[in-house]
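The two complexes that follow have chain A in common; it is paired with chain B in the first and with chain C in the second.
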Partner chain A sequence: MNALGDILPGFSRAIVRGDEPPGQINSAYPKHTVSTAIDVYRNNYLGNLHDALAGAYPVVGQLVGNDFFRRLTRAYIGKNPSRSGNLHHYGEQMAAFIAAFLPAQQLAYLPDVAALEWACHCAYFAEDAGTLDTGKLSRLGQEHYPDLVLVLHPACYMVRSPYPIADIWHAHQPGAPDDFHIDLDGGPCNALVIRNDDSVIVGELDDAIALWLSIIQNGTTLGDATAGTLEKHPDFDLQAGLSRLVSQGVFADFLVKGLP
Partner chain B sequence: MENHQKLLSIAIGGLLALGLAGNASAADKKVEMEKCFGVAKAGMNDCSSNKSAHSCAGQATKNNDPMDFVAVPKGTCDKIAGGSLMDSGGMMKKAM
Partner chain C sequence: MKSSASHALPCVAGIGLRAPHYREVLQQLPGIGWVEVHSENFFGGGAPLHTLLRVREHYPVSLHGVGMGLASTGPLDPQHLSALARLCDAINPAAVSEHLCWNSSEGTVINDLLPFPYTQAALSYVAARVEQVQEKIGRRLLVENLSSYLSFAHSEMSEGEFLAELSRRTGCGILFDINNLYVNARNLGVDAGAFIRNVPAEAVAEYHLAGYSERAGINEGESCLVDTHNNPVYPEVWRLYEDALRHIGVRPTLIEWDADIPALPVLLAEAAQAQSRMERCCECVG
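Let's turn to the complex of A and B:
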C-alpha cells in the first residue's frame, strides 16, 4: 500500500530537478514515452509557477518586458521550489532574488518595486477585519490614551524605498497613461498598502507618520510611539496623521495596555 | 518618557469628532467586504490561463531553458531614469 508514497519523491525530483524518472511509472501510455510525458508535466509545472509569479508581479513584468520576465521567473523557480499547496503563497522571495540577479543589477529600484508588489499581493489575500470602532474608543477615559495599542488591519503594509516606488507602481496600473517619465532622484518613498473592499490601494506617507506607524506596528503604545516620533520629527502632526490613517482603514482595533 | 497626554487627547478628540469609521455600520460593512472563496485575482490560479501562455507538448523539451542568453530588460524601465539608476549595480556607470 506504500507504493504511492514510495514513488512520489522520485517523481517530484524528476519534475523539479530533471532527474531520471522512477522505474515504477506506468509506461503503458500509448502516445508518449515516459520522458516526453514527464517533460510535458514539467512544462505545466513551470507554466503554473510562472503564471503565479506573473499574477503577483505585474509591474515588474511590465518594467522588464516579457522575455526578461520569463527568464527571471525561470531562474527564480529553479532556486525556489513551491513549498505550499496554495499558489498564492508562491513568490515571497522575489525581491531578494532580484537584488541578487545579475542581469537586473542595472535596475536598482526593481527589488523595492517587487517588495511593494508582494505587499499588494498579500494585502489582496489578507483576512477580512473590521475597522477601528470609534464608538468604543469614545467610551474610553482620556487617561488611558497613552496606553492605547492600535492593531493594524491585516491588509496593511508599509514598504520604504530610496526610490519613488509608489509612482512607479501607479504608472503601471491598468488605465494609467503610457507616456510617463519617472525621475529616480525624486526622493525616497514610504509606500502604504491597504485594501478597500476588494481593491488594493497604494498611498504614500511622509517620514514622520511613516516612522510613527512603523513603531505602532511593533505593538508600541500610542504614548511611546508619539513621543518617539516627536523626538525625530518635532513638527509631527499626530491629529492629521491619525485621522488620515483611521479614515483609510489602517487600524482594525485597539487594546489598552494593562487593561483586560 | 513624556506621555504627551494633551496632544493625544486632541488627536483622539479630533478623530471622535469626525465620527470616522467603525460605529454602528461596522457589522454591515463586514458583510459587504466578505469575499467569495475561490475568487482569484485576474489570471491567477486559473487553469485555463495556462493554455494561452504555454503550448504544453510544444515547449516540453529539456533544452529550451533560456538561461544562457544574455538577458536585457526591455520593458517600460526605459521611462525611468535618474543618477541613482546605476549606483547599486556598481558595474554600470553613467558614461558609456
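Let's turn to the complex of A and C:
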C-alpha cells in the first residue's frame, strides 16, 4: 500500500457510494460541514459523468427526453464506474445497459441507436491513419488477392440492426427537418460510420457487402470472406462493393497473409 | 513552410480556448497572447487535433490536463501518459500542466480534482510520479494548486509548502491558480497571504484566474464556494492577483471559463483586464 492508500479508498467510497467519510478528514470549516463538502464532490462526480454521457448520446437524449435521460444516466453511472481519466472514454456499455434497462423496454430500437452513437463518438476521437494505397494494391500480383487481409481505418465502424437506426440518427441531427417519418418495420439497417474530412458520416450498406465487411473486420482474408458472403448472397458483386468501400476510406492498409 | 508560434509561453494574458470559440478564433484571429486547452480533448486525431494544429499556427498553446491523477493510488495510466506524450510531440506546446490531485482509487475513476493529505510520504510518492510524467513527455510539467472543499487532520504541511518542495525535488513548475487559493481561503481558512509570500517565485510559471460560485450547503446557513469556472473573476480574486503580481512577479496569466461560456468578446475583455493589471504592476516595479 502506498502513501495515500489508507485514506483515498474511504474518501472515494464516500463520494461514489455515500459511505461515511474517513475520520482523517477535518470536521470543522468556517461555513460548511464535511457532509456538504462530500455532497459537492458527489455532485461533481455525477454531473461530470452525466455530461460525458449527454455528449456521447445526444440522439438517445432526444428520443427519451431530458427527464428520462437523467434517470437513465443516473442508473448507468450507478452500475458502470468510470475507468479512465479521459471522460471521452466513458459510456461504452450504454447499448447493453439500455437493452437491460426495464423502463426502456418499449423502445426496442434504442440499444442499437446507442450503439451507433457510440460508434460515431469513437470515430470522432479516433486516431488519424492513412487510407489504403490503391496504387500499391494494383501493383500486387492478382494471385495474391485471395490472401489479402484488409486493415480497417480506426475511425470506421459498422453497426447492424433490425431497425432503421441510420434514418433515426439522421432525423435527429442539428438542422434536420422536424416532419420526418420513420417506418420502424422498414427492414434491417447496416449503418457504416466513417470520418471524411474530419466529419463523422453515417451511411448504409446493403446486406451482402455488410456481411462481407463484418467477416473482413475479423481479420479474415479477402478470399475466405468473399466465399463466405457468396454462400448467402450468390449475386454479391465484390468489385463494386470493394471499390465503394475503398473510395469511402474504410480501409487504412492491407497486408498479404503469408508474405512478410 | 508556415512559421509556427514561438515556443515559450509569452508573459501576457491568454484565454482558455473551448469548443464554442474554435471557429470564431480561427476566423478572426483576435490579438491574444496564447491559449490553453484541456489536453484530454485532443487525445486522438480527426477534427479536435486538426483544429488545435491550426490554432497552433497562430498562437502558443498550453496543454492543461485534468485526468492524470498525479496522487492516485494506482499506477499512472500508461495509455493516458502515452496519449499526452503523443499530443506534446504533435503540438510542441509552450507549457504542459496537471493538477495536484488524485482521481482514482481501487479501479474506480472519479473524474474530478480531489485533494489529499499533504504529508512527507505523499510528497515522495507524488514527486516520483511527476518525474515519471516529465520523463515520458520530455518536458517540464507545471503543477497546479487545487480548489478544495475539505482538508485532512494529518496533513504535515500546507499545500503551498507541498508544491514548493515538489518543485524543488522534481524541477516541476508551479501553476498558481489565484481563484483556487481564494476558494480555499474562504472554504478552509487557508492563509492566502502566507501562500503568496512563501511560494518560490522562480518556480511559478503561470497564473490562472476564474470565477467561482457560491453554493448553499445541505444544512440551513451553510455555504461553500465551488470552483465552477462559470463567472467573471471576482473583485477579491483580482486583488489577490495584484498581490501575487507584486510579491511573485508578472507571469503568463490565463482566464479560464468552462461552463456557461460567454461570447468571445467577454472572455477577451477579462483577459484585457488581467493584461492591464500586469502592465500596471510592471510600471510600479520599474
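Everything below uses one rule, namely that the second predicted complex is superposed on the first by the 256 of 260 C-alpha atoms of A that agree within 3 Å, B and C clash if a C-alpha of one lies under 4 Å from a C-alpha of the other, contacts with A are read in each partner's own complex, and residues count from 1 in each chain.
Quick note on the criterion: a contact is a pair of C-beta atoms (placed from the backbone, for glycine too) under 8 Å apart; a residue touches a chain by one contact, two chains touch by 3 or more.
Because the structure is predicted, anything quoted here is derived from the model rather than measured.
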Which of chain B and chain C A:V246 touches, first, second, both or neither: first
Touching partner for A:D198 - first (chain B), second (chain C), both, neither: both
Which of chain B and chain C A:A52 touches, first, second, both or neither: both
Comparing the two partners chain B and chain C, which touches a greater set of residues in chain A: B
Partner chain in contact with A:D235 - chain B first, chain C second, else both or neither: neither
Partner chain in contact with A:K136 - chain B first, chain C second, else both or neither: first
Partner chain in contact with A:V40 - chain B first, chain C second, else both or neither: both
Which of chain B and chain C A:S84 touches, first, second, both or neither: second
Where chain A meets both chain C and chain B, residue numbers: 32, 36, 39-40, 44, 48, 52, 87-88, 124, 128, 198
Residues of chain A touching chain B in the complex: 18, 32, 36, 39-40, 42-44, 47-48, 50-52, 54-56, 61-72, 74-75, 87-88, 103-110, 121, 124, 128, 130-138, 142-143, 145-146, 148, 162-163, 168, 171-172, 180-186, 197-198, 222-224, 226-227, 230, 238-239, 242-243, 246-247, 249
Residue numbers on chain A that touch chain C, as the complex places them: 1-5, 7-9, 11-12, 15-16, 21, 24-26, 29-41, 44-45, 48-49, 52, 81-88, 90, 123-129, 155, 195, 198-199
For the chain C and chain A complex, residues of the former touching the latter: 40-41, 43-50, 66-69, 71-73, 77, 79-80, 83, 102-112, 114, 116-117, 119, 121-122, 124-125, 149-154, 186-189, 215, 217-219, 222-224, 226
Contact footprint of chain A on chain B as seen in their complex: 1-5, 7-12, 14-16, 18-24, 26, 29-30, 32-35, 41-46, 49-50, 53-54, 56-57, 59-62, 65-67, 69-77, 79-92
